[in-house]
Amino acid sequence: MQALHQKAKELLESGKVQVIIGYGDGSGDRVRPVFISKAESASDLIWDDRCRQNLAVYLNKPEIKKLGVPAIVATPVVVKTIIQLISENQLKSSNIVVLVVDNDVVSELTDNASLEAYSAGHPVVFPPFVVKEIKDIAEMSIQQRNKYWQDELSRCFKCYACRAACPLCYCERCLTDNNQPQWVCVASHAQGNFEWHINRAMHLAGRCVECGSCTIACPVGIPIGLLTIEASRIVKQEFGQEPGLHCDADSAMSSFKVEDTETFIK
Amino acid sequence: MSRIGVFICHCGENISATVDCEKVAKTLASMPGVAHSVDYKYMCSDPGQSLIRSAIKEKKLTGVVVAACSPRMHEPTFRKACAEARLNPFLCEMANLREHCSWVHAKGDATTDKAIDLVSMLVEKVKRNKPLFPIKVPVTKTALVIGGGIAGIQAALDIANAGQKVVLVEREPSIGGHMSQLSETFPTLDCSQCILTPRMVEVAQNPNITLYTYAEVESLSGFIGNFTARIRKKAKSVDEKLCTGCGECATACPIKKIPSEFNTGLGMRGAIYVPFPQAVPNKPVIDRSRCTYFKSGKCKFCASKCPAQAIRFDQQDEIIEIPIGSVVVTTGFNIKETSFFPEYGYGKYKDVVTGLQFERLLSASGPTLGEVKRPSDGTVPKKIVFVACTGSRDPAKGIEYCSKICCMYTAKHAMLYKHKVHDGDAYVFYMDIRAAGKGYDEFFRRAIEEDHVNYIRGRISRIYERNGKLIVRGADTLLGAQQVEIEADMVVLATAAVANDGAESLAQKLHVSYDAHHFFAEAHPKLRPVETNTAGIFLAGACQSPKDIPETVSQASAAASKVIGLFSNAELTREPIIAVVNRTAPPLFSTCVGCFMCQSACPYHAIEQEEIKTREGKLIKMVAKVNPGLCQGCGTCVAFCRSKSIDLQGYSNEQVYAEVMELLS
Amino acid sequence: MKIGLYPGCSLEGSSREYAESLRAIAPHLGLELEEIEGWNCCGASSAHQLDHTLSLALPARILAQAEKQKFPELLVPCAACYNRLASTKKDLANDASTRDKVTDLINMPYTGVTSVQNILEVLNLVLTPDVQKKIPAAFPHKVVCYYGCLLVRPASVVHAEKMEDPMQMDDLMKRIGATPLDWGMKTECCGASLSITRTDIVGKLCGNILEDATMRGAEAIIVACPMCHSNLDMRRKEIERVTGKKFSIPIVYITQAIGMALGLDAKSLGLHRHFVEVSVHGKNKVQQNVSSPSMAAVS
Amino acid sequence: MENNFEPKIVAFVCNWCTYAGADLTGTSRIKYATNVRIIRFPCTGRIDYNLLLKAFAQGADGVIVSGCHPNDCHYTSGNFHARRRWIVFKQMMEYMGIDMRRVKFSWVSAAEGAKWADIVNTTVNEIRELGPSQEYLEMSRQGVA
Amino acid sequence: MSVSIDFGGDSLAGWIQHKSGISVQRCYQCGKCSAGCPASSDMDFAPSVLLRLLQLQNAESDQKVLSSYSIWLCLTCHTCSARCPMEVDLPKVMDVLRAESLRHKLVNKRAKDIVAFHKSFIDTIRNFGRLWEVGLVADYKLRTRHFWQDVVVAPVMLKKGKLSLIPLFHKKFVSRIFSGLRNREERA
């Protein structure tokens, strides 16, 4: 942690960055995101196993953007998110300092190549319970899946916490806020919820970096992350493309290969 | 409030025989927003059209639905009628009651119900139609022709002779291309250089043509009528204005042993050279990668001998930018080298040559002055084997197509060989003879019947050298695939014609499509054979697929006529069915967040990145912007846009949504 | 370098000199050979001529055994065995259902981790410049390298670099001071699978090979395959009968050539087992003997 | 038992291939079931999956999506983009428990008039077998209630 | 003369496709395989002619193929497939053809020796686990009654220590494979 504090201090003092997005102590045993603009507060930063939230979500928030050039304390999934954001023209590696901590050594990832190398070396590993959920659903019949999701989604009341927590949901006007035409029913009944969630999955297909922020954010405990994870799984299986690996990759869903195969188009 | 007019056509009895047209008109009349609904026997007839025109005026219609035949048939007719009544033509839609309803269903309520559905769906759509106006773009009347082979020469001359300006860019030091390397041409056996070189000179002298040799296209931006080409003029190291083309420099150059590209490695050239005596321009260039001065800083023999003092060692590459209205791509082809063929010795046998090398051996201007001699020892081959389909039609080697020219030039080779070596034996191994063309089959028959060339149907398995002879192992498939072994003095491989080096990167610079073999793709194989999918860029010759000279020249003239046609207008008019990115009030400016997924989705590279800035020039955001000159209106971008910030005029989100909702209401 | 060894049946029988010479040169090349335990025949060409499953099961058992002994690499000096093992490995890697069927038959786990190496690949690794220093131009003979079929085909199995004109063996020959000649029969077939049943075809094919080699002025034909060796060496009578020509050129295993270059004695290299004598005189000279005395003794 | 159920089917087709192919069905006077209503798009690339959702929500029993064969797209590659979209959409819907047998994807060229009739008839028959669309409609009914 | 041979209701070509995934229809009769085949001149049908017969897909030509001598003369040297422009894996086709020829008892008379040899070979492996050359040749001679063949070579081989008269027994290593295969056949 020492190294992290030192690095943060240097960055702020040198004026290279104006804000450091990192983790700090929260209430109880929890950690919370902190935004440090003063060198003397650098020691508020913490780094341990509890630091898992995907802080990249703050990078595109206007109130954070206002603060100036940011440095971000990055977990592997944050690095992936940043790469994905770069590939979608939402960030430039030259306008951000990415700090990764390995064995109390802090490294700066300052260009696309170093971000990509880091991402390639740190694959996302799901916690066992997620692996189990994925497996359970995969083994269900289509009717069981229908019931499963109808039950789960019936709790959704369209608070859009999932949207707010997702670092890749950065549209300035969401599809749901568009009423000409009304693509997604406003009401949080079964149809409206279904429309919202399948759109979210389709929009994140081949983009979701599987950080799980949406599931954590859901106040009624719907495992909605599974939907976007599935969408990305389909993309990887069918087109061999994974998000968060290449800064100049075309999005899997807006590109194609002549050799793409399917069996259902007659 | 919409005031839609609905016009149900009986199409004689074509529609009314199975659809109750009167009922359709009546039902529609009571639909909200419909101000007028009638049926009539022939809507497309003059009285029918005037029915529409007068209703527009009298009922002050804001939109029209004509329910008749397929819009692919009469949409232009009815839109024109609306325009005549001063209703924007894009406020007129057609419901297809004939092809999609009356002709495919039996008479009955279900059919009439369907007709009602189809019409009401279009009524809901047309309520949301917006007036659209044809897009006009200006035209720069200069054509860029890329590649100075026979295709480029023909295209450039045709365009120039029609009074338009042409910029012709050639990568090599001279124009002429492969045709200048050929000996005689089938099926007439006229001398290739004799017919080509006058055309080359014409190019140089035509005031409408600007010729850049030793130059390449760096990039092309813009769109039809309004391209900008960046051209790199590679340093020739010679001041062309001063050079008189006397050739003293080439004589002076101490380096003499560089394999000549023009002579396919069978002859030599110096480091400063003119590729061949009839070159246009007939001025030398220094091959810097081979020049002693450029390698070691010493020599300058050429400069010391140049009477005009035209050598410029310090010359730099020059980039020029030219506004261009249209492009003709004529970059031609190449052939596979013998080294590509493992079973034929990986190119290690000197007397196994390609067809193009054999052309040089036959050519009077070639390294042997037209005498057929073995490259290894200079003896005259008495037994020679020609192998057709070497690499062509060979999926295992990655080339599944037919190279098209080999059957004919192989027959020509065998024939010319027999004419020159009377006591020689010529064998041709072939799979099929493809001699479709005027006088072609007769030509190849002559090789067999008059010149006694031995044609054997079968492919060669292997060639190897033994005692200075080439052992050729084949089979005669017309004799039960019996093995044939020939001890030949020389073997000529009709190797596959492939896309020219750099075709892929050029295609990417021009944004034109190309196939798996890097041949450029035509817009439609039959009906648009010289157009590309990028408006304003045309193709001719072997860069599109292997072809012979007559076909190449026809295509070049065709492409030229397309350019001339384009240049005959002061400006271009295009249908306004294009995508548009929304613009809103500040601070948002547009709901587009600039993820540019649409950019990779667009087949036409029509989406650009636009910077929205404050008045002080500070960047606020990047948004997508559609170039109306390039957009063809497929709408693929629209379906990708997550925030629905891009929409397609004529098929907008609101319009198609309304259609679905109405249909199932 | 330690490596697993699958000798194969021929190297225990009619081609034991191949095994002998390999074992003799191994220590000089820093090669430690550990023979695989309880190995069986790979099935050679007969198994796949008659029974597809058997032709996979026999090699699979060998590969599984190599895995069991944790050999990362397995040297298979016999070109025929090498080809069968490599092709089985490929088939099992590409087809899960076949793999299940075969592992069930052999009742051994198989994952495909062991890499199968032929003699040329291994020699290429161990015949290093350091070893070369010990043998400057010690084998100063004009030779032709005969690869036959099984070391170069099919390309999908053996990954030969230049299938129609392979150079690995030629390169090894250069390293021991020999002059490999270009010739026309490098990868032609000797007729191996008909060696007992259609000796006339074998005679014809081998005759072509011997004739071309002789015509080019080669002093020996270098081989790396027991099948090729026995056909070219032992079938001289038949070859003479079919072609009407006498050939005296000796057939030398690559391991024997390297052994001679290293100065090892003829006996340890098994040279005495050849039908066509390979005389070693003075400084490792390969002498062409005009008529084979041993052959004469029999006829 | 006679099946009196007449499914409602919406077809989303591209202008250049399938719409023209359906025109050819007409000019060839090949008969097919009346259950289908065609909505014209410039290209399959334009077809938003949300339109399929809306069609089901509005009570469609089946949907046909059809365009140019691969490599035949009037716009070069719109259908390739569409194909990717449908590959993901179909699996995603199935993951969420929606029976995608109600959606028929096909390539019908401008020359395949008979194929179009066949696709419509097959789809109508298959949807008739499946019965009225339930699962999706139930969701939208909840909305009404 | 034509007997009907059953390939599960398919032609022999279809059967080959089913068994090996190879389509004989890919062959366009360029003859490159026949041109390079070392055994072609001894065959009754050159390799490309065999493929042509298969392409015809009728019982008569299928039978010609299965009773041909060619399929047994194929040396599996892969020269054909290495150079085939259409990437037809002819050696693999030959494997299927030989299996079918045996199954339908159509083995060419002249090929009896070759089949006998392969059977002896496999029997030797079955009995000894490894190849015992003396045993193999003895077995082969018993099958074919070619007692005098190789009398010239064998004594020299013995003398030179290339043959061992006593086999080593490694049968246990392969007994499971052979019994497994037999069970499978019996089940089928």
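By letter and in written order, the chains are A, B, C, D and E; residue numbering begins at 1 in each of them.
By definition in this document, a contact is a pair of C-beta atoms (placed from the backbone, for glycine too) under 8 Å apart; a residue touches a chain by one contact, two chains touch by 3 or more.
Because the structure is predicted, anything quoted here is derived from the model rather than measured.
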| item | value |
| --- | --- |
| Chains contacting each of chain B and chain C, listed by label | E |
| Touching chain B and also chain E, the following chains | C |
| Number of steps on the shortest touching-chain route linking chain C and chain D | 2 |
| Most centrally placed chain, judged by C-alpha centres | B |
| Which two chains share the largest set of C-beta contact pairs | C-E |
| Chain separated most widely from chain E, comparing mean CA positions | A |
| Mean-CA-position distance for chain B and chain A (Å) | 44 |
| Centre distance in Å when chain B and chain D are each reduced to the mean of their C-alpha atoms | 35 |
| Chain centre separation (chain A, chain C; CA means) in Å | 58 |
| Two or more partner chains touched - positions in chain B | 343, 462, 601, 640, 653, 657 |
| Residues of chain A whose C-beta touches two or more other chains | 183, 253-255 |
| For chain D, residues that touch 2 or more chains besides their own | 49, 54, 77, 81, 85 |
| Touching pairs among all chains present in the structure | A-B, A-D, B-C, B-D, B-E, C-E |
| Complex contact set, residues of chain D against chain A | 49-50, 53-54, 57, 70-71, 77, 80-81, 83-100, 104-107, 119, 135-136, 138-140, 142-143 |
| Touching residues on chain C, where the partner in the complex is chain E | 9-10, 12-16, 38-41, 43-54, 57-58, 61, 104-107, 149, 153-155, 163-164, 187-189, 191-194, 196-199, 201, 205, 234-235, 237, 272-275, 294-295, 297-299 |
| Residues of chain A defined as touching chain D within the complex | 137, 142-150, 183, 185, 187, 189-192, 194-195, 197-199, 201-202, 205-206, 227, 230-231, 234-235, 238-239, 252-258, 260, 262, 264-266 |
| Residues of chain B defined as touching chain E within the complex | 343, 389, 393-397, 431, 457-462, 473-477, 480-484 |
| Contacting residues of chain B [partner chain A, same complex] | 588, 591, 593-598, 600-601, 609, 622, 640, 642-645, 653-654, 657-658 |
